């Protein structure tokens, strides 16, 4: 099954790949390894998912925000490679969670992105990960996720 | 001398490699480069080393927490590669220190992990590094460290 | 035009590559990919650029601090490779901005480093990036930036 078919089965529609806010690019292919810029959390309607875990956002909403970052990563990967079928392996996700000092469930938030990758790519979606709580994120979003992806040759 | 012998000489016992809390994997080999998930600080007895530098944890305890993250990284590398002798180079450590806003000694904390790598691997343990202070970490731990490791072929 | 000539045209003088504060190295070449340690913000006179965005530092000063991190990255790349002409591509910048909880313009701060790379390397300077707000940074600096660089062979 193609990854596009898998996305359809999962009911996931890829958004337009977001343009970088600034003077950088969404993805760089370095010797067959794709480095994707940190993607911030956008809702399906294109609005920003803002908030801080442990302050004004619940865990479930945080996990949804992380999933939406993952969906934007997919959109960026597809834009960079032409087809998601060229993904050999999701290698690493770096998950940054906008966190109040006493919020300690960053892994459960990050699972929103991690479970997406596994659902979409199966074994090839099983990745290494770091998940940390940061003081602030661009435009006040709840989650930012960057990625390293191995490209099939 | 094998790395296992070196560990014995240093009096370091590797713990059971911690299972990921969630839907990701401890390490991914991408074209001979091993990406290892962020490891959080566990004490020798398996309990979490919790705390925030500049608030309720002293510098020395923070460095010990970073060293313990490093030891868990070694356990993960060994579990992934079968033997630590397959490490060609510790390439990069990403060190995240749970920090109060006025704590600025992240490098000294991170040295706990960096000095370990050099003690264990010698020249091959000398790595690039970033060390930053974060607002919060999973389960309230003091330190999280991820790594990139080149594999001998 | 050589990159050194380009730097001269831009009026940029590279500082002495800063020695690591601790037990790690400024850069590691891993199979033709250079991983550079996080560089903190130093002013032209060698003093630290300290501060926290949203608290005691304005946006423009933050962007300058990020540019200075970028200039120190260039100094480290040159020290590691002998010549900046060996840079094939700036692959990724990781930008950590010392941020008060309500500061959300990390991308504009990070642009100080990103625009520098594009000015110096042109197309080869267009990189992937993540930019996040952290609670604290080493020695109280305003910005820390690490980098991944592909080396020409």
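Some notes on this structure:
For clarity, chains are labelled A, B and C in written order, and residue numbers in each chain start from 1.
Keep this in mind: contacts are C-beta pairs under 8 Å (C-beta built on N, C-alpha and C of every residue); 3 or more make two chains touch, one makes a residue touch a chain.
Model, not experiment: these values are computed from the prediction.
Least step count on the touch graph, subunit A to subunit C: 1. The pairing of subunit A with subunit B is characterised as different-residue: of all residue numbers used at this interface, under half are used by both copies. Look at where the CA atoms of subunit A average out and do the same for subunit B: the two points lie 25 Å apart. In subunit C, the residues touching two or more other chains are 31, 101, 134-135. Those residues of subunit A lying in contact with subunit B across their complex are 31-33, 54, 89, 91-93, 97, 99-108, 110-111, 114-115, 118, 126-135, 148, 150.
Residues 20-28, 30-31, 35-38, 52, 94, 96, 134-140, 144, 146 of subunit A are the ones that touch subunit C when the two sit in their complex.
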